[in-house]
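Each of the two complexes below includes subunit A, the first together with subunit B, the second together with subunit C.
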Partner chain A sequence: MTALPAEEARAIVARYPSPRSAILPLLWLGQRTAGHVTPEAVQDVAELLDLRVSEVESVLSFYTMFRRRPPARCRLEVCRSLACAMKGAEEIVEHVREATGVEPGGQSEDGQFSIAYVECVAACDHAPAYIFNERMGGPLTREAALALIRGEGVGRP
Partner chain B sequence: MIRHILTDGMDEFDLTRLDVYRSRGGYEALAKALRTMSPDDVVNEVKVSNLRGRGGAGAGTHFKWSTLPNDGRPRYLILNGDESEPGSFSGRMLVQKNPHLIIEGALLAAYACKMARIFLYLRGEFHEGAEVMARAVGAAREAGLVGDRILGSDFSVEFVVHRGAGAYICGEETAIMESLEGKRGHPRTKPPFPTAAGLYGMPTVIQNVETVANLAPIVANGGAWFAGIGPAKSPGTKICSISGRVRRPGNYEIEMGTPLRELLEEHAGGLEPGHALKFILPAGASSALVLPSQLDTPLDFDSMTAIRSMLGSAGMLVCDDRDCAVHVAYLGARFYHHESCGKCTPCREGTGWTEKVLHRMEHGEGRPGDTKRLSDLCAGIGGRKCLCLLGDFSVTYLESALRAFREEFVAHEAGGPCPVAHAALEVSAR
Partner chain C sequence: MSSTPPGAAAPAPPPSTVACTINGRPHTFPRGTLIVDAVRQVGHPIPYYCYHPKLAPVGACRVCMVQVEGPPVAARGPIVTTGCTTPVFEGLKIETMSEPAKLARRQVLQFLLINHPLDCPVCDKGGECDLQDFTLGYGPGVSEFAEPKVLRRKAADLGPFLVLDQERCIMCQRCVRYESEVLGEQNLVLKERGDRTVIDTGQGEPYAGYFSGNNTELCPVGALTSRTYRFKARPWDVRPVASVCQGCSLGCNVTAQTRAGRIVRLMLRDNPAVDGGWLCDRGRYGFGHSASPDRLTAPLVRRDGRLVPASWDEAMAAAAGGLRRAGGAAVLGGARLTDEEAVLLAELTRVALRTNDVDWRVGRQRFAAPEAVGARGAAIADLDGADLVVLADTCLVEEAPVLEIRLRRAASRRTAVLDVGPVRNFRIGRSTRVPCPPDGLAAALASLGPKVAAAARPVVIWNGRGSEDVAEAVRALGAPVLVPGEWSNARGAEKAGLVPDALPGYHALDDAAPVEAAWGASVPRHPGRDARAILEAAAAGSIGGLYLVGANPLRTFPDGGLAAAALDKVPFLVVQDLFMTEAAAAADVVLPATGPLEKAGHVTNLAGNRQTLAAVAAGPGGARSDGDIFHALAAACGVALTGRAPEVATEPVRRVLTPGGGPPAGPGGGALRLLLRTRLYAGGGTTAFDPNLAPLREDAVLRLHPRDAAAAGLEDGGAAYVKGGGSTLTAAVRVDPDVDAGHAELPAHGFGPTRLGAWVDVQPAPAEALPGRAAAIAAVSAR
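Moving on, here comes the complex of A and B:
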């Protein structure tokens, strides 16, 4: 193994009656270790679980939360499901797009920030809700969105 | 009325700490069960309690347990914490604020049903929830509450916290097993039902986290106590998540049978000033809408079904006079198209077509006949044509909106700006 911390990876596999169940936790471990799921991490998972790389890839590609490229420093994900859309989530993202030129789903060229839509994050009580660098928050405003992607943290609910 | 059973002390105390949870009587139900009750005694209390599943379908918990075969194979318990229904957020709160109530309930279920292992499947987006649960399980293990010979008894069970990675479908009970087995989250055919052949082909019980959170109070106070709360056929409390156009969105634990009007007007503070209620989606994006004339309906499984809607997971989305029925339908269609797993054709293709038609209606490009087209799509997708209910869910609201607000859909066929004032206008004027 080259990309995954070996001891931690083996401990994860040992939790399950069937090794294959460890795919998602191992991919999470890979993402935590390198910032994204690298080809080397996929190779490690395949070797550890005695699967083909294509089998790991087929699982990996089903789930939306694994990153295949290095992440931006500030990652803003804005919920656009019903309650959040009703409270103006899309207008906020549009405002960010106009201010920065970065489309939803995209990343700034300098790697400072990314912005993306996500579906319901179970925080409709804080609509428009968001996840910023793995932390949930809301209600998001235009000003808060711009502050977040600039790296100026704002208060959490 | 508000009744704090699952949320008791949650706002006043840091119940994520094991010492605090125990100082308020936590894990005493487990100790009582292990010291004074047989597994069958626990099963019997749950039977008497008439507890029904809180995840959506309202299946009887005891009934589910009673279908486990007695054949000596290992049994598994999966706790469904994949809460992803737009409008539902009670599970998030329980996981983050009362993790030990979930663990204790799961241990009681595992003791009653002689489970070999407990898996808590948390949706990937619950980053903080996963940290809280992992810490809580770790503390419980150190205290001898999880693992081998729990509290010195002969009962042993492991508890695994497993994170999903972004997929609504994994909240479906067969997809959750596929995902736990390390596969793409595609639903399985039923039968066999999970209790006969579930995780790894073994007998498996899948319960919502809120369902098991009821077990410690039931064992502590007795099934008869629980059965006496609210309507006889639908007893206990339900944590209702209410959001959208209300003044105090949030989670409210109410006695089953509490009128929807009380939840809306007293607890959630009513509508925002100057606006009138238009409709409510009472069980998230996948439920038939409830009209203002139905506000006196008691919130319990059977009363909500009787008005052709459902209590489900009680994720209530409130819409007022600014919300266009077509806009809400478009938002739902976009969600379901995104979340369809792609396995069954009516859902995979149908959710895409539905979104396409609603997209053009919503964006001023509606065409004559689009309303009829939507009705045809509903008929083509719904009616249990697929392995799971995602397709059916995707048309439930739409069908009800086509009945109640058909004229709004027809008006969108002409194209041009939305004839119904909706949220976008208000927001852009801010």
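Moving on, here comes the complex of A and C:
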């Protein structure tokens, strides 16, 4: 095992009566360790749980909150569920696309920022809501979005 | 239901069945029967994709909608539900063609086609596609879906044999479930989710298992197809012929499909008693040798040191003359013949060549039928109900792959597997290893006596290798035995008397009367020599001529140095084969034979099932069937063969054989004990010459324990020199803890390993030392 901190990984496995239950927590551990889930981490999880790599890959690819490549420095996720969509979430993302050329779900070539849609983040009262580097905020504006991805504004407005 | 008066005969069905109606007619089914099975059994059509009789229900495709009414949903009136996940209930009214059921199916089919490309005109599945057929039968004529379709990968490469069209896939998950439930391998899984879900291998690597092709028959649409069949034919253009695979001794039943005389594909033909309705990839795709441009197409005779084409008459005269010269002739091979041809060869040997120097055992197997060592034979289906299976240093997945599927299934229930030997033979599923050195097998088996005796229904699987004491240990276990053969019809060859110390039908040499009566000729009574003794005599120059029938001892005989010396020294060599093998290249006369897909007859599989072989393809012009060649060769010797097989002796003789065909044992030479083991894609025979299998050949792959690898400085995926017996072999390295420390494993039928002797040294080699193909394998295993 090379991609997971061994002690922590074994402790996670020990928490569950069935080893398979530890797939998600171990993948989280992999993401915390390297910033994203590496192919080596997937192999480690499979080996640790005596599963096929393919089964772990199948689980991993099902969930959108796991990253398969190194994260951008500024990660903006914009909610587009009903309330946020009605408050203009998609127009904001479209504005960012026009200003930067980066498609939703994409990442800038220099690794500075990524932008993506997410489903309801339970902040409809702040619509359009967003998550920036794992912290929730809102309401988002075009200007705030551009400031966030430039790294000029962090935290709740 | 009315109550039955006491004492009256109870007319009610027993509680293990339930009565219900289907389309208004009453029926009774065992409790727990799924509606889809019930409907099928009584002959009503019902569409389905995800449902498959050999897989657990999943309810993924939703197209088997039926209307049901009655308990336990009586209060709700008629409802529409999936027939594949709902069992029949007492009093249930099932309607398959009611308007609500038809509407539900129509809508489901419309939904399944939303992102389907409708590229039937260029799809290999066209004409045998359930999506086509059911849409025609139950679907809407036109789609209401006007939006753009999701575009995905066409012709995605999933490995050597599989091609996936992601757009055609309807996510029934038959392939994923087969991989998981039947194989326990999960080579294919679902990835992503929602409308982005695709079938894929784990990390995009090529499909790694031995059973990928079954997916192409399970797939109800044109998503998973065979690379070898792409754009080759339409189902209505092909001629199907029922035959039997001769890739190994299991003899899986196949339907071969030909177009204009050429084989385009092999399909499974479910025989529950033999193959359980599965094929391995070597069997399914290993038909490419038949139409290979490298086939021998004319007899060759050596003139002025060179092999030149000759007529059959010239070749027969030369062969007959050479084999009857001073010193006498000996015959090796015959385990790839049909039963009938094996008897002809036995008659040719005894009556025309006047010798008992004949042996089919040009490899490591010594015994073919359990009865020949005094043991009881097991049926293949005995594995299903066995509580204990002893694997006597036999690796089913390499030696009889489809039998491994059956064992995995049994082991996933309650069968305990004891895996005896220096290598883990059973890798998927529960098993207990009983490690032993290669020459400690007899003792290890003896130690299992009490466990086998305590089992209610034990089965021993043993590949017939090892000396007399191993045979005795197997017999002493007292359990029914299956003997996977080193060649497809080893059992037929043994029964036909292609051994030095028994006549056809297991008659002893001093019990020759029935044989002589059948043939109308006398047979020699003095015991002949076995393969080792024949090769030793040839190497010593004391045999006049050697006749190799579908045999290449240079690759298969465990002492390659002896085989080389024999072929070098023997004054006259006749080789009968499909290809210019190493042995054929050394011959004085080469006789081109037809292959197992090109001749009719019968073959006997590892459990003694006699099966019928059909001539599927014509074979190259100029080649003749082995049987025709035996007739012609006998005629050239002045003998007319009868081909009659004498009755089997009621008490099969237990033959005593000169011990072992293995290389010299004992220490010295090297640090690691060499293990020669069967590998599915290694070796001679047709595998070595089959273009379909070429990407997978692994003639020179060294497997060894991590500790031995580390000690020698070898890395997984690297290259190694294997040295022993004054010989050096270059091999790709696979580090594998399943090989016990102290051993070095090489494929038995590859070219070279048999010259190394019993003990070898290994050391790192530069990657460029590997031949191209092995380098490719190294790259794959390094990934």
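Convention: the second predicted complex is superposed on the first by the 154 of 157 C-alpha atoms of A that agree within 3 Å, B and C clash if a C-alpha of one lies under 4 Å from a C-alpha of the other, contacts with A are read in each partner's own complex, and residues count from 1 in each chain.
Note that in this section a residue touches a chain if its C-beta (ideal position, glycine included) is under 8 Å from a C-beta of that chain, and two chains touch if they have at least 3 such contacts.
Computed from a prediction, not measured in an experiment: that's the story for all the values here.
The wider contact with subunit A, measured as residues touched, comes from B rather than the other of subunit B and subunit C. Once the two complexes are laid over each other on the shared chain, residue contacts for A:99 go to neither subunit B nor subunit C. Once the two complexes are laid over each other on the shared chain, residue contacts for A:135 go to subunit B alone; subunit C is not touched. In the superposition on chain A, A:11 makes contact with neither subunit B nor subunit C. With both structures placed on the common chain, the touch criterion links A:81 to subunit B but leaves subunit C unconnected.
By the touch criterion defined above, A:122 lies against subunit B but remains apart from subunit C after alignment on the C-alpha atoms of chain A.
In the superposition on chain A, contact of A:58 is made with both subunit B and subunit C. By the touch criterion defined above, A:20 lies against subunit B but remains apart from subunit C after alignment on the C-alpha atoms of chain A. In the superposed model, A:39 lies in contact with subunit C only, and not with subunit B.
With the contact threshold set out at the top, residues 58, 62 of subunit A are in contact with subunit B in one structure and with subunit C in the other.
Touching subunit A in their complex are the following residues of subunit B: 74, 83-89, 91-92, 116-117, 123-128, 158, 160, 162-168, 179-185, 200, 241-245, 249-251, 281, 285, 315, 317, 319, 323, 328, 331-332, 334-335, 338-339, 341, 423-424, 426-428, 430. Listed in rising order, the residues of subunit A touching subunit C in the complex are 39, 42, 52-58, 61-62. Against subunit A, the residues of subunit C that register as touching in their complex are 185-193, 200-203.
Only residues 15-18, 20-25, 27-28, 49, 58-59, 62-66, 80-83, 85-88, 90-91, 118-127, 131, 134-136 of subunit A touch subunit B when the two sit together in their complex.
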